[in-house]
Each structure stands twice: as C-alpha cells, then as structure tokens.
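Scroll down for the structure; my scribbles are underneath it.
In this document, chain identifiers A, B, C, D and E correspond to the written order of the chains, with residue numbering beginning at 1 in each.
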Amino acid sequence: MGALTLSNVTKAFGKTDVIKGVDLSVEDGEFCVFVGPSGCGKSTLLRMIAGLEDVTSGDVAIDGARINDLPPAKREIAMVFQSYALYPHLTVRDNMGLALKQAGVAKADIASAADKAAAMLALEPLMERRPSELSGGQRQRVAIGRAIVRTPKLFLFDEPLSNLDAALRVATRIEIARLHRELGATMIYVTHDQVEAMTLADKIVVLRAGRVEQVGRPMDLYNDPDNTFVAGFIGSPQMNFLKADRLGLNFDTLGIRPEHLSISAESGQIEGRVSHLEKLGGETLTYIRTEDHGLLTVRQFGEHDHPVDDTVWLTPDQSRAFRFDAEGQRLR
Amino acid sequence: MGALTLSNVTKAFGKTDVIKGVDLSVEDGEFCVFVGPSGCGKSTLLRMIAGLEDVTSGDVAIDGARINDLPPAKREIAMVFQSYALYPHLTVRDNMGLALKQAGVAKADIASAADKAAAMLALEPLMERRPSELSGGQRQRVAIGRAIVRTPKLFLFDEPLSNLDAALRVATRIEIARLHRELGATMIYVTHDQVEAMTLADKIVVLRAGRVEQVGRPMDLYNDPDNTFVAGFIGSPQMNFLKADRLGLNFDTLGIRPEHLSISAESGQIEGRVSHLEKLGGETLTYIRTEDHGLLTVRQFGEHDHPVDDTVWLTPDQSRAFRFDAEGQRLR
Amino acid sequence: MMSARHSTGRSIAAHGILILYTLIALFPVFVIVINSFKSRRAIFADPLALPSAETFDMIGYQTVLKQGDFFQYFLNSMTVTVGSLFFVLLFGAMAAFALSEYRFRGNSLMGLYLALGIMIPIRLGTVAILQMMVASGLVNTLTALILVYTAQGLPLAVFILSEFMRSVSADLKDAGRIDGLSEYRIFFRLVLPLVRPAMATVAVFTMIPIWNDLWFPLILAPSEETKTITLGSQVFIGQFVTNWNAVLAALGLAIVPVLVLYLIFSRQLIRGITAGAVK
Amino acid sequence: MAQRQPFRWHIAVFLAPAVLVYTAIMIVPLIGTLNLSLFNLEDGNRIFVGLGNFATLFGDPRWSEAFWNALGNNAWFFLVHMLVQNPIGVALAALLSSPRLRGAAFYRTAIFIPTILSFVIVGFVWKLILSPIWGIAPGMLDAVGLKSLFAPWLGKEEYALTTLALISVWQFVGIPMMLIYAALLSIPDEVIEAAEMDGVTGWSQFWKIKLPLILPSIGIISILTFVGNFNAFDLIYVSQGALAGPNFSTDILGTFLYRTFFGFQLQLGDPHMGATIATAMFGIILVGVCLYLFAIQTRLRRYQF
Amino acid sequence: EDVTLTIESWRNDDLSIWQDTIIPAFEAANPGIRINFAPTAPAEYNAVLNSKLDAGSAGDLITCRPFDASLELYNKGQLADLTDLAAMANFSDVAKSAWQTDDGSATFCVPMASVIHGFMYNKTAFEELGLEPPKTVDEFYAVLDKIKEDGSYIPMAMGTADQWEAATMGYQNIGPTYWKGEEGRKALIEGTQKLTDEGWVEPLRQLARWQEYLGDGFEAQTYPDSQNLFTLGRAAIYPTGSWEIGVFGPQIEGAFEMGAFPPPVAAEGDTCYISDHTDIAMGMNAKTAHPEEVRTFLDWVGSAEFATLYANALPGFFAMNSTPVEMENPVAQEFVSWRESCEPTIRSTYQILSRGTPNLENETWNAGANVITGAETPEDAAARLQEGLASWYEPQQ
C-alpha cells in the first residue's frame, strides 16, 4: 500500500515542456528525495503526483492502479507545502482535523488522532493557537501534523524546511526521519539542499531540466555519480573539477571532493594562493585560487591555518578521484 | 571612522524589557556578529543602532559621538534587511541610486557608484530589472549593493541569508566576507546560523534574553566558552553535555563536541544504542541514545556504518572536554 | 521624549490638518443635527444657532413619529440593505472566485460582461424590471428590492473581489484540495474567511447607495408595509413646501444604522489588513 | 495530447447565481431599453429607424448642443474629482497611516460620515450653508473679513458646477481615503524603514516610495471615480433640479438623460431619445473603462512585496 | 368584501387632508369602497407614474397633470374615457379643456382644482411704510422703489435658482396682461402671433426690470428660500399663486397680515387678465380591476360636496365646479374675486405648445431666469423661444 509508479510522464505548460518524460518507481515504505536545481521541475512532478496538475501524457499509478484522473482528495496522499499553507483562520487542532472532519470521521476520533500527532511532534501546548501565533518551526510541525493525522499511503513534501533557520532545520530533519521510521509510509520529498537529501533518502532522484539524471541510494550517488552534474550536486562543499590535461592526464575532467585534496605549504601538484578561509571549529574550509583550475575548495578536519594570499600546493588523492569525458559523462 | 560603542543600552517595549543593559564596543573595520536564539533581542539591538527604534536608556555612540537622537538617515549607516526590503517599483539601478539621489549627488556620480557596486556583486546584467524579476539570491545581492553605494561608516545586516537556499547561502557568505575585506568598513551582522557566525566574524557577540553572554573571536568562543549556553550555541552539530557524576567526575557537566566522542562496537565508557544515522558523504553523524545522558551525537569523518539499534560504546576525549558547574559556568 | 524617527512637530501638523478636515467634514453634519432640533422659523432665522430654550423644538421628530410607522420603515431598510448585501457579497464572491481561480474558455469575456453593469444606471431598465416584478407578483415586496439591489451591486463586487481573490495563496487552496475539501468547501471555508477585508470594502461601497436609494422603493415597493426609511421621509417633501424639520429628523436618524454597519465593516477591514495573511 | 478534462460543474455553479440574477434583472431590462434607441415613434407606431436617433442626437444642433454641454460639464465634474477628491483622499490617508497617530479611528469615521448621508439632506444643508440669504457662509466669511469673496455660488453659471463638484468631493472623499489607507497599510514596514535609512524621509518618502506603491489602488479609484461621475445624477438633481440650472450650466449626462428619458414637468419622457443618450453614455464609459483596463492597468503593476 | 381603490398623486402635501377629511366623508357615504391615498414626491411623480402604468402596477385612480402629460396617457390607453360620467355635466368646457382630446370629443379626467396667479404682500409692512397695493404697472414700480429706498424689507421675494419661479410666478403671472389672455394664447397656437411679437416680449422686459428689486444673491435663491423670506417677514411682495395661501397661514403664525393684489395693468381702467390655471384632475386607470367603484368615486369627486370639502381644506385651490363654493379664507376670497373683474386664461405654454423638442415650457423657465439674471436680453430670449417653437410646431413655421 503506497508504491508509486510513473511511466513516461510528461507535462507541458502551454508550449513549454517542463517534464520531459519521467519513469520512476518508488517502493512501498521508501523515502524518496527529488533534488535538482531551481526550476528543474521538482515541484511540478510532485504536484502531478498529488493530482494538483493534470498529467499531459504518461501514467501515474499507485499500487498499480492508474490514478491520472482521480481528484487529489481520492488519492490517499498528504502533502506538506513549502509555504506551510496552514489555514490561517483555524486553530492548530482544527488545521489538523479538517481533512478528517471532511471525511466524516467522528469527533472523538478526530480529537484522538490530532492528539496523537501533536504528541509525536511536541505540539500539545499549542493546540488552541492560530498559525499567526506560532514561530516558523512550530508552523512547519503543524503542517507535518496535518499530513500525519490522515494516515495516507503517500506523503509528499515540497521543500518543507527551506523556510527554517539552521538549528530548526537540523531538528526537524531528524524528526522527519524518525516519523518515516515510525509510520513506515512512503514519502516523496523535494529539496534543493543536498544535505537533507543525503541524510533522509532511501533513494535520491536527481532531476535536471525535466529529466532524470540519476537515481540511487545516497552513498551510491556520492561514491559513484554518473556525470559531472550529479557529482557536483551531491556532496557539500561541491566537488572540485580539475582540467585533467593540465595534470597530464588523458581525459577531460578530474573530479575530486574537497576532503580528498590535500594542502601543503611546501610542495604538491597544483600551485595556488589562499583566497579565503572558513574555520568552523570542527573543520576548516580553505578556498584556493589556481591559475589552471579556478577556485578550488579544500576541506580539512579540525583547526588549521592558511594565511590568506599565501602560496600553497594542492595534491588530489587520485584513488578517490572521478574521471569524466568532455560531455561530463563518467569514465569508469 | 566607524567605531561603535554601546553603553548600558536598554530597551523596553511597554513593560517588557527586551534589551537589559548591553555594553559593547566594535572597533573600526571590525566584522561583528550577533548570535543568539530567536527572540533574544538581536534585531532590536541592531534596529536601535540604526535608529529605527528609540533607545530606552543608555548611549549609542559612533566614533565617540552620541547619536541617540540622530535620525537614521543622518547616522551614515546602511542596513540590509532580512526580507531585503527592496523598492519594488524601482529598477536595480534606481534601488541602489536612491539614497545618493536623495542626498543630491550628481547623476554621473550616482551612475558610477552603482556601476562599481554592480561590478563587485556581479549584478551588471541585471541593472535594468525590477526586484520581482530577480531570484532570491540576486535580490539579496541588490540589497547589499544598495548598502554599499552609500559608503557608510557602518553596515548592519539582519539575517541577510536566512531566506536563501543552501547553495546560495554558501556563495553569498563568501561574497560578504570578500566585501568586508575589500571595503574595510565596520560591519554588524545578525544571524542565528552559527556556521555563518563562525566563518564571517572577527568578533562574535552571543546574546541571550537581552543580555550579552560572551564576546570573543570565533575560535576563542569555540575553544574557550564561558558557559554551557555559549558552548552549546557555537559549533555544529551541538556540543554533547554529559552528566559528570555518572562518569565518576566531581563536577556537574562535561561538555564534549561530537567529533571528540569516539565510538566503538566493543567497549568504552558509555553504553548506548544507535538511534539514527546521517551519512553526508564526507562525514557521518551518528545519534546514540544513552540511559544516563540522553541523545548524544558522534561526528566521524569519512563514511562509517553503525546499524540502527545496535549497542555501541562511547568514549569522550577528556583532553578536549569542558567542565561546567551546576549553574552552567565553565570550570577552568 | 525626543526620538530619532518621530518628531513632535510633524505629528502636531498631522493632527492639525486632520482636525481641520474633520471640521470641514462634520460641520454640515453639525448644521443638520442642530437644526433638526429647532422650529422651522428658528432654522431659517439663524441656521447656525444652537437650539436655545425658545427655539428648541422636537416638532421634526414628533412629526416623524406621528406620520407613518417609522420603526417599520427602519426595519424594512435594514432588511433590504442587509439582505442585498448578503447576496451581493455571496454571489459576487462566488463569481469572483470562479473568475480568478479557474482558467476556462471565455473567462475574461465573462469578467467584462459582469463589469458592464457598472457602466450604465440600472434605473434605465425600470419599466422592464417593474413588469417582471408585476408578472411574478413581487411588487410591494422587499424581495423585489433585494433582487434589484443584488443585481445592481454585483458588478462592482465582482470587479473588486476578483482583484483580491488572486492574492489568496494557491498553496492554501491546494492544501484544501488534498485534505479532501470540495471546490465549494474551499471557497466557503478557506477563501471567504481570508478575503474578509475585501468583502468589508465591498460591503461599504454597496450598502450606501442601497440604503439611500429612493427610486426603486418608490416604484417597486411603495406600500405602507414595505416602505423604506428614505421613501418614508419623502412624504415630508411636498409640491410647494417641504417640512424640513421632519426631513432632517428622519434622514438624520437614518444615518445611525448605516454608521453602525460602517463601523463594523471598517473594523473588519483594518483588522484584516493589519493582521496580514500568514505566510 | 492533453487528456480531456471532465466538465467542471463547480465553475458553472459558482458563476450561476451572479450571472442569473445580474442577467435577468439588469442586463435583459437594460438591453431592452438600449434597444429602444434604434426605434422611434411615428404616428403612434414604433418603427425601426436604425441609427437615425443617433444622427439626431449628434446632428441636430438642438440635441447635440445639449449633449456636448452635458458631456463637457461632466468632464469638468470628473476633472474636479480627480484633481481635488483623489489628492485629498490620498493626503488624508497618508496622514492617517502615519505611525503612532492617536485617534486615527475617530478621524477615519468622521471623514467618512458625509458619504453615508442621503443626497436629500446633503443638497439641503449645502444650499442652506451657501445660501446668500440664511447667512452661514457669508457670515463665516464676514467673520474672517473676506465677505467680499462671497458670491451666490450655486446660482452663478460660472461657479455652480464647480461648487457642486466640490460638494460631491466633500461627500465622497471618504471612499478614496479608505482604499488608499488600506493600500498604505499593506506596504511592508521594512520597505519604509529601508527608505528611512536611505535618507528618504517625509514628503520625498511619500512621493518616491509610497505613491508608486499605491498607484494600482489609485488606478482603481480613478476608474471608479470615472464611472461614478459619468453616472452621477442625484446631487445635481436634488440641488439644481432636473433642468440643472442656472441655464444648464450644471447639466451633466445623468440629468440630461433623466430629463429626456423620464420627462420633466411638461416635457414628456422620450424613451427613444433617452435610450439613445444612454447608449452614447454607455459607449463613452465603456471606452474609458477599456482604455483603463488595457492601456493603464497593465502598466500599473501590482508589486509583490 | 370591501374594494380598496388606490389614488396616485403628487400631492404629498394633501396627505393629511385626504386621510382626515375627504376619505372619511366618502367612505361614510359609500360603504364597501375604501380609498388609499398614495402620494409620490412631486418631482418624481411623472416618471414613477409612467413606469407603473407601463408595467401595470399603477393605482386605480390617477391624479391628472393638465394637458399633454395626461393626454399622452389617454392616447396610450392608460387613462379611461370618462366623457359619459354623470359628474362631467358639473363642469364648463373651459374647466374640462385641460383633460380633453384636442378636438374636445373625449374627456378623461374629472377637474378638481385650478390655481390663480397674483401677488401676495405683507399688509403689515405696507401699512408701516404707508403703501397701497398697486393697480397699474407704474404704481407697482413706485411701490417697489419705495420699499427699496426704505431698506427694511427686500422689495420682492423671488430667486432664479429653481427657474420655475421666474417662468410660472413671473412670466405667466403678469404675461396675460400683455398678450391679452386667451386671445394671445389661441393666436399663438394658431400661428398668427409669434413669441417675438410685442405682447410676448414685453413680459420678459418686465421681468428684466425686476432684478433690482430682488434680494442679494437671488441667483442662488431657491423657491423655498423665497417662501421663507416672505413668511419670515423679510420680503414685502411675493409674486406667486393662490396655492400658497394654505401653506403660508401656519408658517406666518400671525406674525403679520397677508394680502393679495392681481397683476397690475398698464393704465388705470385697462382690462385685467389673470391666469386661472386648471391644475389638478382625477382620472381612471384603464386597467383598474374595479371600474364601477372607480366611477362611483369619480362621480363623487365631480360633486359639489367634494368641491366644498376640497376648496376649504386647501384654500387657494379653487374648485372648478359650476356650483359656486363657499370659502372661508379671506385671502382665498380675494383671489377668487378677481374672477369677477378680470379675464381668466390658462398658462400659455401648457396646451399643445409643449409637445415637441425643445420643450417650450422648459425653455420658458430657462428664458425667464436668464432675463432676470441678465444672462440674456428679453429680445434674444424671445427670439430663441420662437426659434425653438418654430423648429417643430408647424403653424409657427
């Protein structure tokens, strides 16, 4: 109950093709994350699954049943919007209860469902407030609570954390992961924060301009990206791309993650000048401007010091590097 | 030109004291970051410096001159708002030029100042657009550009990056650091993202409920926090606080950062069960539920695997640990 | 207290101008009120004098109370105004919602069609309207008036409301759809409560002409039982003499209920705006 | 190929009540009336004359002079509203929206009260105040030594229309005030604060920041004023009568139409010419509204804050 | 089951008279018929009545405006033919002329009242200044000059704001003296006289002379202002009509005594002419559901009993019934006494001549006001009126 299949789904707004043929299957109980740059069609795909946009061609099926023409309410899905979309005139309790009330569930059952969700999300003391009296993080949790009470087959999240501050993001991220474990429901989650993608997903779908670039488990994408796009998108700070010919290698691009680039004041393969240094306490990021490869990032654990404008030498750990051809495709 | 002094500044809204006596001096050219939890008074303090809120008592001085009663426009201050607050009806160029035009600067000079700022912020191709035609990151840069052209003594930033997505945040953060180096102006920056605080600040001011908890350079706060509040607030993921008596130590709380807690499947000082695992590629965060100390976080570099629900053993690196008394004060 | 942003001088000037304009706005009202308490001779002998011991005269109010059932007229006016407002707001909001929420063929044509009505006085259609009411037996009922005012108020309501409806968050409506609300529920339970300020604005614009209208009550419902307050006051306007005491008294009293309605609506309006929509 | 959507009944249901009531009670009767403009009465029979009535209205100097006079007066009436009512409304709203103003609710209500008054007493009280005989206005001018400025404004051809327009402004200024006030309140505080920081304060803040941001509201007000003024009738009628004296100097399209359509005194109503005038008015207003909708409104963008 | 008949009227003023006096008298004599008097404000009456008649919701009894307004209703079949009503015998042809077809073959309303034009004056003031009511035009101006000189009264109460005062209470008041009443009026209809003829221009010249005797700001002075000026004792002479008698009495509240004199003549002994204008009648809605009861009521309206009730209840509205009516009001008696000494006529513009566009009556209002304010010379105004009339009225072309 909750397996989703998309078969050659496309979407055009007027004459612009936004989704250009997507095939995808999400297993029951899986946590699937859509990532991709802004405007690549993540929200559109999610809204098509929800039934909020018509499908131009192709099929959307849940548990094998085609649902293209089913209205959203009949699809047994719940969605959490980026803007929360709480009902501003209803209390937290009523926000959560509305869908059940609509479905004709008995009052007592609604109340107990809402209370359960509230307990899960630590919202108990806020049940009688209205959204305008809540902080951003609290609103987000109410939006999630509203989704939970309906015990849907499928949860859809559209960038649910993008309006939260850093601390709340981490906390809510963990909460969502816990929820997924506890409810065992299928979840589809849109984000363009790849940390969220990495930490939450069972399966990541990388989208680019309406097409799927790669699908896989987070560490598979991290360790085995198909192309420069996926390699650059997964992992933070971003992978460095070096011009392989300048290093005397016979392919186009060498991809190396910042933690696999070693830095030395004396010697190394690539010369550069320290452009900027970020000390985060537990780790240090150094940005180095090089003549051949532009700005490169080095990530070191612990505290380090590299005075700005000093000349330094970098050496890639070739064993951890990725090789790409001129089209950006991985050479294996 | 640009040294700021606050002497016993307080602020009350009606009967609620929001700022309860703040003394602070910011040197000329310094980058000062205010951090603290939501509602602690960061924005209020900033707005008092800007002249947007009246000071209830105490003095605000720039370069030694008391400016309590000077209207905002006369303070030679520029401010970047969290919501950008661009003029929606003006083009990027006019947004930047308005203050100068108002001050009666010659047209040609305005244009050249705007062009210079645009070049610095890579806004040249956008000069004739209106804010509604810009993406979030671009808007943010315009807001900064608007502040720059006025060559103020003092820049104030109120959570300028909190509306941006992760990738843009990193990029803009680096941009602001570069700007600070290039302009050499005094900057005061509010955030509750401690990564920003760590990477940008010359001096961090940690606020809590309208009072200053600690002031210092980032690594000083990281390595030498005065109390549990500062220790917990600086550094991400948050420091773990262990109950010292359970470890047979004769003080109240032991603080240990996640990277200084080692994990082993066989033996160690503290027993716990893996509750959740986050693999970020370059690092792994493991959350472990312990009986004595609640949920603890372990940060390891590289890829690691700790099956959820497995029992594991943790050992704090005592040499990197902090000792606190029952009031949360550091024992040195 | 001296402050950085708020100079006392400026606020005194603001109050000065506002008080001046308030005086201009209220002076004629003041003249109306004082004269409604004076005898006819006293009105014209010195219109600006306050009612004194010898000029004080409740004759206007007495005449009003004596001539016809003014309480009933008030009630009729209230019924008609509130009833028409209800339908204008309901039907107008529904149509505005359809126009702003759904893309369908003929959408903008329909918008223009519904706006035509603000460009031509409905009074011109009087004969046909009256014929219709005669045919349906609605003459001398308040229903006839409510129908006409509803039709008359709709164009402006649709025009203004559809502007505002566009600003209601699309995500919110989608959230409702996912929660299983039908389009009707979305409209009634989500959209309507959120456009309250706009509804209040429309209500203010709509109610005043209805309350003050003389023409349609005269034509469609002139009977004693269905007279409105404005029509009831006309009895004092004669061919050669007008009983100004009574007119002032009746129409002066008549502003009280509208003023109350206005206060209700304007509070909604301001509160709605300042509370702001929740992001 | 897009999949066919099922018929969306709810759209019809949402539109139906408004469209039905409006069509039945407003459009059908009005079309019936406007249709009369294509007919005329000859020997007691109604005959089709095509555009003949329009030829009369615009070609026969007796009709056309009255029409152009009314149109010209109407244009002036509108101009006075645009130049006086809307700026005053904007100014009052700007004052009312200044932060920390005490008594704003009182001022708002007081200034709105005239809008609520019925035309009958508005006409009466202003005639009383401006009357040269009963002495309020002359007396007040006398008190400040300006008696010489007094004239029987409502009775002089050169002043009467302007005076009435100003009375109408007095009565209706509350409406633009309300709308602009609402628009000003919805400008985000931070934009205003940014302007304060930029040194754009006081008047220049109003001109450079607030005014551009409330332009869409001003646009709506302008079109409502336009439509309202070109349909205006009551105030002139109650204060100057259907003949809109002195010497037709206050005749506007509404009074001209009323006189012609419904008749006045010995003049019998002429539904055919009346409908012709109404159609012409309708055309003028429609052109104005379309001009606004397609030429102006598209330029007055609504800003996303 | 009682039948209720509804009367449409513009006479708001008469509401209490009908309710208190007339209706009870009729209902007492005619059990089974109830009367409901439903007046409309006068300015809206025509428009409202026409709409109601067109739509079929008008009352059973229609109060008739004189001449074309009612003729039009009759022609449209909305007023019933009452030629054979017994009570019609009680009225002279002149009395009926305002509610007959042009050829006089059908009568459709029962005449109720006429009004007579003249000048009212403040007797107390006249005595105070030692003045006599003027008989000739010269005396008239002499009196006005004296009052003006004295300065304690405005010589004449009249304003141009409402326009109709100038035309109806000025022009139609003094005019018959110059155009010789019926003679001139009929000649105009036949086309043998023009409005530019001396007899028609002279009254306009007279009006122009009045300007200097009017109060300050007469341009903005409305009809009620004029009434108030006179009843408050601030103006000495008031050109008007007999309908004011009833309303002025209570307003003056005995503050001074009121008198009346007829329009002055050119020279002592000249024939005087008065406007004795047929003003109100009552007809039957052709679509009434109760024609019998309506006719019963109309027969009663045509009776001497009604005439006495009405004329006494409304002093100044004179019955047109052939049977003379006893009246108690002295000023009303004064007015009606002129019927003996002067030639009566009706207002010149009312019959036939206001059928086209431009409307002669409305134009006359405008012209009357214009010559008083000086906006137009009498000659220009007359030429304009003539041109307007000739533009559509064949006998004048």
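Keep in mind that, in the parts below, contacts are C-beta pairs under 8 Å (C-beta built on N, C-alpha and C of every residue); 3 or more make two chains touch, one makes a residue touch a chain.
The chain lineup, named per UniProt: A, B = ATP-binding cassette domain-containing protein; C = Carbohydrate ABC transporter permease; D = Sugar ABC transporter permease.
Predicted, not measured: the structure shown is a model, and the values here were computed from it.
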Chain-touch separation of subunit D and subunit E, in steps, is 1
The chain whose C-alpha centroid lies farthest from that of subunit A is chain E
For the pair subunit B and subunit C, the C-alpha centroid-to-centroid distance in angstrom is 53
Cα centre of subunit B to Cα centre of subunit D, whole Å, reads 55
Note: subunit E sits from subunit B at a C-alpha centroid distance in Å of 91
CA centroids of subunit A and subunit B: separation to the nearest Å works out as 25
Multi-partner residues in subunit D (2 or more other chains touched) are 134, 196
Residues in subunit E with touches to at least two other chains are numbered 51, 228
Multi-chain contacts in subunit B, i.e. residues touching at least two other chains, fall at 51-52, 71-72
Note: in the complex, subunit C contacts subunit D through residues 5-6, 10-11, 14-15, 17-18, 21-22, 24-29, 31-32, 35, 44, 46-48, 87, 90-92, 94-95, 97-99, 102, 104, 110, 114-122, 124-129, 132, 147-148, 150-152, 154-156, 158, 160, 163, 182-184, 187, 197, 201, 204-205, 208, 211-212, 214, 230, 233, 237, 244, 247-248, 251-252, 254-255, 258-259, 262-263, 266, 269-270, 273-274, 276
Per the touch rule above, subunit C residues touching subunit E in the complex are 40-41, 44-45, 67, 126-127, 130-131, 133-134, 139, 214-215, 218-219, 222-223, 234-242
Subunit B residues touching subunit A in their complex are 38, 135, 162-163, 165-167, 170, 174, 177-178, 192-195, 198-199, 218-219, 222-223, 234-237, 257-259, 276, 278-282, 285, 287, 299, 301-303
In their shared complex, subunit A is touched by residues of subunit C numbered 169, 171-172, 174-182, 185, 189-190, 193-194, 275-279
Counting only contacts in the complex, subunit D reaches subunit E at residues 44, 62-63, 127, 130-134, 151-157, 237, 240-243, 245-248, 258, 262-270, 273
